[in-house]
Every structure is written in structure tokens, then in C-alpha cells.
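Input: structures, listed below.
Paired with subunit B in one complex and with subunit C in the other, subunit A is shared by the two complexes that follow.
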Partner chain A sequence: MGMVSSLLPHLINGLALGLLFALIALGFTLIVSVMEVINLAHGSLFALGAYIAMVIISPDLVMLGAAGELYGDLPLAVRYVIALVLAPLVIAVIGFGLEILLRRTYGKKKEYGLLLTFGAALVFEEAIRLVWGPAERVLPVPPGITGGFIFNGMIYSNYRIYAMVFGAAAIGVVWLFLNRTPYGAIIKAGAHDDEMVRALGINLPRLRMLVFGFGAALAAVAGIILTPIWGLRPHVGVDATIPAFLIIVLGGIGSFWGAVFAGLLVGLVVGITGAYASDWSILSMYILLIVVLTFRSRGLLGKKTALEL
Partner chain B sequence: MPKHTLAAASLLSLAAVMTASVALAQDAKPIIIGITSDASGQYANSGAEDRRGMQMAIDEFNAKGGVLGRPIETVFVDTETTPATGSRVAERMITRDGAAFLIGAVSSGVANAVSQVAQKYGVIYLNTNSSSPTESGKDCHLTKFVWDGNGTNFAIATTKAAIEEMGKDWLLITNDYGWGHDTSAANRKLAEANGATIIKEILVPQGTRDFTSVLIDLQTVNPDVVAAAVGGDDLKALRTQVADLNMGEQFGWINNQQDWADVYGLPKTNLFGVFGTTWYYKLDLPGVADFVAKYQAAYPDTQMKVPGNVFFNGYWATRSLLEAVERAGTTNNHAVIKELEQLRIPAAVRMQDDDAYMNPKTHQMQQTVYLATANLASDDPDDLFKILGHSTPDAVVDAGAEAACKLESFEDTPVYEP
Partner chain C sequence: MLTSPTGAPIVTKAMLVLFAILFTYPLWAKYVGLYDYLGIEIAIFALYALGFNLLLGYTGLPSFGHGAYFGVGAYGYSMAMVELGTSPLVGLLLAILAGAVSAGLVALFLSHRRGIYFALMTIAFGQIFWFLSIKLRWLTGGEDGYLNVLRPVVELGSLKIDFGSNVTVYYFAAVLLALMVMLLWRVVHSPFGTALQAIRMNEVRARSAGYNVWLVKWTVFTLSGAVAGLAGGLLALTQESAYPNVMSLHASGFVVMMTLLGGGFVSFWGPVVGAALFILARDILGAATEAWLLWYGLLFIVVMLFEPEGAVGAWRRLAGLFVRPARREASPKVVP
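Here is the complex of A and B:
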């Protein structure tokens, strides 16, 4: 009983962490599976989304005049929800622009796309630094989801529970979109066979642009949810890109549930290692990746290759 | 005038002009300072503050015509909070850029790496802001000078008071790299010497953003005092998460040294616990107000509206070096090292409560250490610290450093005179 009660908080922590990792990886895996582009700017879009949300929640009201006064009188919770909707839309538009730039690399070596998104990541990070400076900033969150509560003699963070529930809901919404809407069907078809999708008369360039924008918006959502825990600074995106990449490889490139399951697994491993061998907590996710890929090179739920069929 | 006389006179004049030009060119040859500073990674913010301090000192000297009649130029490459990059950058600055001196560090790992390269070539290196006790201990070098207080200095300043006020059961949180380990070792040694018991030590890898498992551990272990040797962005994340759970009041927190860049911009409620610093912009001492005004005039657009300890150390290290070169009358490294070893700065000039002096045996600047906590009484968002007291340099001296430090001899250090 003693061991169970001491393990329980770490299991809950691991699960929460896993859902957050899965949220980070969602947008990344969507772009990889449909467009076969590894978007190294994912982390920068994650950061940029959080910064834009910060501005929307706490704008320079003096500049906005009378409208600013009205907006400033709105409760923080309302401004937070507005930011949660608007900031991803702004990032989606930036995602559209990035996809248009990427078009010249289609059909050419994959490295060109990789380099372009890497360059974009550097540009976004420097732009953040130029506009908001290098110092740590704070993304305000409604007071109702801050603080802690006591359960079984331990303090748990309200915000972490909120982030966990939000992450699960976001995963659910994305799944519903992909599997219960015609647009989702088109996206999945595009991931499976883009030539056939084109042959069926679907505008493939537009599809790719929308998918990229959607993936970018998901990165922004993840940034808004996670930066109150991780801190908001220009290079916080690096903290997102590496786990995202690891999770989609671990889960199997192109697999939605692979990314979710891998995110949960990484979260649990990191959380429990943090409890019993804290100096190994970050290393544990890389060891997990090596072990899984050694025995299953396509990842946990990746598609079989022609050699394996 | 006969033609041959005219020709001879012309040739002599031309020779004189050419000689003068060469002499002038040599005199005007700039002194290049290599800035080895982090612009990315865990200590990016502190690196930026450090550079501002160095630059303000350099600008002051250039406004007076430079040093020894030579203008000062800088070359800067990001050391990325990574020791391997630090080595590479130092090597490049010395062999390709012709750096006369190297200045700058926040990460002790980077500082150690840079100093090894500097010693190899005989280049004087100023470790402006890294705080591992080993920098002036086992990793000391004849060419290296350390300008910040170290983990042992701050531990001495905070430990005894913490045991008396908060309790004897201690838990250590340690950033899993050089500075973290050395600082926690210093905390452990002092705590145990004063009757405390270290009930657990939790290692936290660099780059940790989620401290939930650490906070769960704290609640399970329930110590009296938590001594955190965590720095940079990791510390910011820890503070944010502790404050969110209101755990700042649940335990007695000691954060050893608190760098200004690591807390500037955070809510004051995140600044729980007691910590050390070497300087604060609101010290009621001569020169402080003017120094702050100079900073604000030099950097009106920076997010950091007031300077902190990291800027202070970067400024004083650079200024002291350039003054030493002037006193020595040469850039010869041996001569400048001897000047720096005798350095003593009066309190009124230094803007601290006590005179500061260079320990010639360890090459660490001995200076006042201030004890501080969050200033919750002030509405000024920049007025983050409440200074609780201070210790003189002699009261916080790192007694083990002199035994651990084996400086190279001058004979074993290459002569370098850029």
C-alpha cells in the first residue's frame, strides 16, 4: 500500500505529461504524414503562438484607445479564451505562408524542405527576440485554474489537471475531425495516396496548405497550454521540437494513435524516472526510443514497409 | 639647389613620412577583446546581461581614446552554454581573430573549457559570472580571473542563518552539471558542519522544464529547508511551478545565488526563499544611482530596465582588466597578470559595502555578499529584492580554494603580448 500510494502521484504526473507531449506531437505528425515534411519550425510556431496569446490577453491598451479600455475590462478568463481561439488562427496564417514557401522544394530532395523549415525556425525565434526581447515573460492564465488542491495528503496543480483535460479534449477533437468529417477523410486520403486524391479532382496544393496551417495552429495551441508550465522565452520552442520529433518516430511516422500512445508512454517513463532516478529523467525518453526502434524499426504503430508485408 | 641634393632630400622626406605612418599604424592597432558569452541555451539571458556590462566598460575606455592609445574592438561568438562550443570559440578567437583577452562566462562548464584554451596560449581570460567553486579551486589557471562569488561564498552567507531560522532537515536540489554539483557539495559540507542533516539530494538534468516529480518528492520527504542549486531557465521553471502550488511558504527555500537575469520579469511571488547576490541596483551606496543612470542611458531599449549583478560583474571585470593594462603600460600577459593579482577596489568606487580585492592565490575576486529575499512591500515591478544583510569578503572566504588551486608558474605560461 505504501508503494502504491507513493507511486500514484508520479503515475498521475506521468499521464499528464504524456497528454501534453501528445498534444505537442499532434500538429507535427499531421504535417509529416500528409506532406512528408519534417517541420523544424514546429517549436518556433509553438513559441510564437504563446507570445501572440500573451499579447491578446494583455495588449497595450493605451494604443487601442477606448476600445482598449472596454477590452481591458473583460475578465481575464474571457481574454484567455479569445487568445486560445485567435492566436492559433494567426499562426495558421503564418503556416499557410510557410507552406507556400515550401512548394518550391516539393519533388526535390527532402533535405531542402528540412533546411527551409530550419531556417524559418531561426527567423521566427529571432523575430520573437527582436519584438519581445530575450527575457522571460509570463503568459497570464485565469486565476480559477492556478494554485493547487490537496488530494490524499498531496498538493496537485490545478493548472496541470486543466492542461491534461484540455490535451485529452484536443486529441479527441482532432480525431473526430480526421475521422468524422469529409475534410478529415480527404486529409487521410492525401496522406495515403496524394496522386489519387489529385486524380479525384481535389485541389492538392490547397489541401497541403490547409493541413500545414492546421498543424501550425495545433503547435500554437500546445504553446499556449504548455508555456505557463515551462516558461515563456524565445527559445522555448526547442523544448517542444525535440520531444515532438522523438514521439512521432517512436509512435510510427504517420500514425495518429501512434503519436498519442507514444506521447503517453514518454510521459510515463519520464515522470516515473523522475521519481526514482531523477538524473536519468530526460535521458530515459531517448533510451526508450533506442529500445523500441531496435526491435521495431517502424515505431509502435507505424505502417509496415514493402519488405515487411 | 643641385639636382642630386634635391633628390636626396626628397628621398629622406619620403622615408620619414613612411616611418611615421608605420609607427602610427602600429600605435593605433586595436586591442581585440574576444567575448566568450552564451547567447543561446540555459544561460542566454544572463549572457546578454553580461555582454552589456562588458560593452559599457569598453565604451567608457574608447571614449577616452582606448587603452595605451589603442582603440578597443570586440569579437563575439555564441558559446551556446556548451563547453565544447566554448573551447572551439576560444581557439578561433585566439588563433584567427587575434584576441588579446577573452572575457565572459555564466556557465561554469563553458568557463572551464575556455580557460583551458586560454592557458594554453597564455591569453588572459576573465570568468565574469560563473559560480562554481572549482573555477578558483581545482580548475584555476594563472591566466584566469574569477569575478563572481562562488557557491561556497553564498552557502556560507546563507547556511548558518537558515539552520537557526528554519530547521535542520535539509533537502538538496542539484542541477546535474559542474556548478550544480559543486554548489550542492558546498551546501552539504556547511550544513552538516553546522548540525544539519541532508535527508535527500535530487538531481535535475540541465534543460528540465517539468519539476512535478521533484515537487511530489518534496511533499513526501517534507524537509525543513530546501537548498536549490539550479540555475538559468531551469530555475525559472522551478520557481514558476513552486509558486503556482504556493509551496514557496511550505519549506524554507535557499537558492544560493540568484542572478538578476533569472528572475527579472517574474512575479515577485515567484521569488520565494532566501538567496545571495553580489550587488543590487538599489543599494544605498555612493555611485549606485549614477551607475544605474548610465546603464539606462546606454541601453534605453532593453527589456531589463535596471542592471543586476551579472551586468555589474561583466562591467567590473572588463574595467579592471583595462585599468590593469594601463597601469602595466603594456599588453604583455605576465605584466597584466601581476597587476590584476594586486587589485584592490575601495568600497566607494566598487559600489559595495566593503573593499573588494583579488586573491592572488586563487585569482578570485573577494567581495561583499548580500542576503536577500523578495521585496513584496514595493509596487515597483523592478524592485524585486529586499536586502536582509551582508557579509564581508573575509567572512565568506572559500577556505578550501587555496589548497585546491594550483596556479601554473609564469615560466610554464607562454608569453603573449598582442
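Here is the complex of A and C:
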């Protein structure tokens, strides 16, 4: 059994993790680019999305009455797909609300907006604790994607492979949306020069609201895919946001491929370190960041932006 | 009157008011429902936030990982007391040193950055310290904390200082806070303080004006870390232990909240007011409900929406309502 084949399961874990980190980071970087706000509530939206998906998949059937029984008879896979669509939409609406609150801070010190999202993060996290309790919960997944198989003497988890494929597909969809639709063009223009976008007669407040909602929804999607691996705890959001922050800095703020590339790099480093010294896998991510930024001050693919001022 | 090179008095009226409140607190606290231990916490966090505001309010550098240096100070003090058996004063000196050295090392990586990159880098470094404090179990005790840092009885000649009593620890913390207030007031009204504000207003122009921006940023970050280390050491003295949770992202966010809640952007006194409000509100909300953080978060959102300049900003606006416009124009706008 060769070195590569014994590493392969860890590489797949790393890739799955990296692609989903990149998805969180993409939502985050969209919000930073268009609104110049570091959204500290991003991780809480990630967690909240997963909790809402859990409720949609296995709701309190007694409370729902007859309709609940009908819904409960649907196969798990169907309910899972419904959750995968509906929960991010709910989070998008919450994102709209957060953006509307943020409007009062535009044009003032950047810290005000940032601290507002920190307050929101506290609210979401405590609300989760109040509603669903502090103990770890389980997000059910359909039987088709659980379990594992043995290949070349190594055990592979089906779910990790599903997560990897899903992450790659989701990133592809985001890329198509940003580069092949008029909405994407407007968003990119808004990140580049929002005054000009306004001058062209585009409704800038609505654009910002939609971008915030879209970024939040991406966090929720990543939450639904990642939490069956990590477990669903009230502060799971923090575990997700920190890597996302690092990936943004590592890849360069506002860069799509920077985020994807850095996400993969972080995922692989965490995955491979995890194979040899699992306790230290998180630390390796920080060391990677410091090494890269010592030599490339704007990250791997970053350009000089107005955000540094 | 004695003044600093930039013309600010060494001791101000506001300082005398603060000292009067500070040194009489144990006499009246119990009649208004407060207690000595709460006073210690307020003094510690006021100290911490004052040092933090050198960065945020004066230099405009948002550090979101400041809990690291506070925590390093707490561990530094604890280890000095337990492993080396030093006196509390030496322990606190080592806490200051630990905070300064760790902040100074981190600042080597940060001092050429600003804005969002600076903020995200401080988060990353803060997380490294937090992570190490949990994982280096043999050194820090891991998540259980570094325990049994007993409060000693110190004998100075015939004078016996019993740190076992909360009143003693309170006065000790109050004296340190008073000294630090005077020191930091002097620092921000020195030529160095002018350099800090120049960097906040326009870093490029500050560099063109001949300031060594990198060195000023490095120095202020290290100084701020040293103050955080002292505050952390004091907390370890008070709690008789040190824990990793003071280094978490949340805990680092709290010092930013305190500073802004009081009005760190508009006043030197913002962090002191903010720390007092923060600790008081925590106690009041915490007594009423388990989910005090939820209400705290809501409160904070409301403050950021309607009064982002914090308590001092609100006070000035209220005071402004009663001042005739002519006088308002005559009084210069106070830069923090």
C-alpha cells in the first residue's frame, strides 16, 4: 500500500472541507466587496441555516396536526431536498433584514457596521441556544449518502465524497451566476464602483440587500452540508467563520479564484495535518496564513483595494 | 499649571472626578446594590479598554484579537506566582512583560497593514494564542484553566497587605487604574500621541510628514499589549486562576464593545465609561435572565444604530442641547 493511497481518504476529506470553506468565504467576500462590511454574523447564519434545515427535515409532527402526518410520510430524501432549498431562502430573508439595519451605518466608521454584525452574531447564537438547547443535535441526511466503502484497503466515507461534489457544484453555480448572468455583472460592477452603478439607474439599495441575502444563503447551504460532519452545536458557526476569514485574507479580498484556491489549500493542509496530528490540524491553517502573508501581503491573488484605507 | 508638550494639563478635572469615585467606591457601593468584587472587575476592564483604545480610538487600528495579550498576562502572572513564587508586584511586572513581548512579536507581522487586512490578521493571531492556550495542556492546564494561584499576604516592613480581602484587591486595582489613566493621558497628549492621531487621519500623509509610521504602529501595538497584560494579570490575581476563554473571539469582541459603548472614538474617557456600563449591564441582565447575551446583542445593535458614539457621544449631544449656539462654536471640537 503506497503512501499516496493511504493519504487519499485524507485528501478527499481535505478537498470536501476546503470547497465548503470556499463557499462560506465566497458569500463573505461578496458582502465585503459590495458593502465593505465584515459580517461577523456570517458564522451564526451558517449555524442557523443548519438548525432551520433540521427543523424542516424532522419537524414537530404532533404540533402540525394532519398536514404534519402527510409531510412526515414523505421520504427523507424529499424532505432533505426541500430543506436544502427552503432553509437558505429563510436565511436570505434574515440577511435582508440585517442589511436593512446596516444601512444606518453606511458612510460612517467601518467599525460601527462590523460591531453591529457582532451584536447580531450574539443574538443569533443565544437564540439558537434558547430554542434548540446547548446540547449537540443531529442533522438527518438521506440513507443514500451515508455509510462508506473500502477501496484499496482504505475506508472512504460516502458523505465526504458527496460533500466534495456538492461543494464543487455549488461553487460552479456561483461562478456561472456571477459571470454569465446580468445580475452577476451588476453585482461585480457594484463591488467595483457603486456610485457609477447608481448613476446608471440601478437600484443600489436593492442590489446591496440582494447581495447580502445571497451571501447569507451561501453560508446556510455550506452549513447544511458541513454540520452532518461536524455536529450541530450553537457555536458551530465560529468554527466555520474563522477558516472563512483566513481564506479571504489568504486568497485576497474580493477575488473569486483566490477564495477557491485558498479554500482548497486550507482544506488540504487541515486534512493532511489531521492525518498525522489531528490535534494540530487547525493550527496548521494559521501557520499557512502567516507564511503566505509574510511574503504576499495581499494574499495569493489579491489586488490593492480601497478596503485597506 | 503643569502641562504636557502638546499643552494638555497633566491632571484634569475629569481625572479628579474619576479618582473621587474610584477611591470612595467601597464606602458607598453596598448602599446602591453594588459590591467590591464588581468594582475590581470594572477597574480591570477599564484598564484593559483604555489600553485597547490607544489602538482603536487614537490610531484607528481595529484589533479583534486583543484577548490574546490579556490572556498571556493572566497566564504570565499565574506562572510567576506558582512556579517562581514571586510577590504579586513582580508577578504583575512579568504579566506586563509577557503582554508586551507577545504583542511586540505579533506587531512585527501587522505594522505595515491597515483596515480590513489588519483586522483579519489580528483575528488570526488572536486565534493562534487561544488555540495554544487550550492545546498546551502541560503548560496552561488546557480548558480546565491554570488553577490555585492563591492570593498571598505580603509584608512590607510592619505593613501587612492581605490580598485575600476583596477591599484590598479593589484598592490595589484602583491605584493601578489611576496611575495608568495618568500615564496614558500623558502618552496621548505627547508628540507620540499626535503621531498616532496623524496615522488615524491619513497614514500616507503621516508618512510624508516624516513620521516613521511602521515604528509608531509597532510601538503602540506593543504598548497596548503591555496594558492588556497588566489587566490580565490583575484578573488572574483576583480570580486566583487563568482560563483560555478570555482569549476567544467573543471575549476579544467584548473589549471592542466596551470601548465603543462608552465612546472610545470621541473621548479619552469612553473606554472607562464603557467598561463600567458593560460590567454593570452584565450583572443586571445576568441576574434577570440566563440568556443575557441575547439582550446584550440586541442592546448593542440598538447602540450602533442610534448612538454609535456611545455614552460620551450621547452625553455631549444632551449637553449640547442646553448650550447656546454661540458658545458651542467657540469651544473647539475635542479629538479623543
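The rule is short, and it goes like this: the second predicted complex is superposed on the first by the 299 of 309 C-alpha atoms of A that agree within 3 Å, B and C clash if a C-alpha of one lies under 4 Å from a C-alpha of the other, contacts with A are read in each partner's own complex, and residues count from 1 in each chain.
Here is the rule we use: contacts are C-beta pairs under 8 Å (C-beta built on N, C-alpha and C of every residue); 3 or more make two chains touch, one makes a residue touch a chain.
The shown structure was predicted, so the numbers you read here are calculated from the model rather than taken from an experiment.
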Combined model on subunit A where subunit B meets subunit C, clash or fit: clash
Is A:135 touching the first partner subunit B, the second partner subunit C, both, or neither of them? first
Touch test for A:297: subunit B only (first), subunit C only (second), both, or neither? second
In the superposed arrangement, which partner chain does A:45 touch: subunit B (first), subunit C (second), both, or neither? neither
Under the stated touch criterion, which partner chain does A:246 make contact with: subunit B (first), subunit C (second), both, or neither? second
Which partner does A:283 contact after superposing on A: first (subunit B), second (subunit C), both, neither? both
Applying the touch criterion given at the start, work out whether A:17 contacts subunit B, subunit C, both or neither, answering first, second, both or neither. first
Go through the superposed model and pick first if A:57 touches only subunit B, second if only subunit C, both, or neither. neither
Contact-wise, after the overlay, does A:262 reach subunit B, subunit C, both or neither (first, second, both, neither)? neither
Figure out whether A:112 sits in contact with subunit B (first) or subunit C (second), or with both, or with neither. second
After superposition on chain A, which segment of subunit C among 153-161, 189-197 or 243-251 overlaps with subunit B? 243-251
Touching subunit B in one complex and subunit C in the other: list those residues of subunit A. 279, 282-283
Complex contacts: residues of subunit B adjacent to subunit A: 40-41, 44-45, 48, 176, 202-205, 207-210, 212-217, 219-220, 233, 236-237, 240-241, 244-247, 261, 264-267, 302-304
Which part of subunit A faces subunit B closely enough to touch in the complex? 6, 9-10, 13, 16-17, 132-138, 146-148, 153-155, 157, 159-160, 228-231, 233, 235, 239, 270-271, 274-275, 278-279, 281-283
Taking the touch rule as given, give the residues of subunit C at its contact with subunit A in the complex, in rising order. 56, 62, 109, 112-117, 119-121, 123-125, 127-128, 131-132, 135, 249-250, 253, 256-257, 260, 265, 291, 293-294, 296-301, 304-306, 308
Interface with subunit C, subunit A side, in the complex: residues 32, 38, 40, 101, 104-105, 108-116, 118-123, 125-127, 129-130, 238, 242, 245-246, 248-249, 253, 279-280, 282-283, 286, 289-290, 293-294, 297-298, 307-309
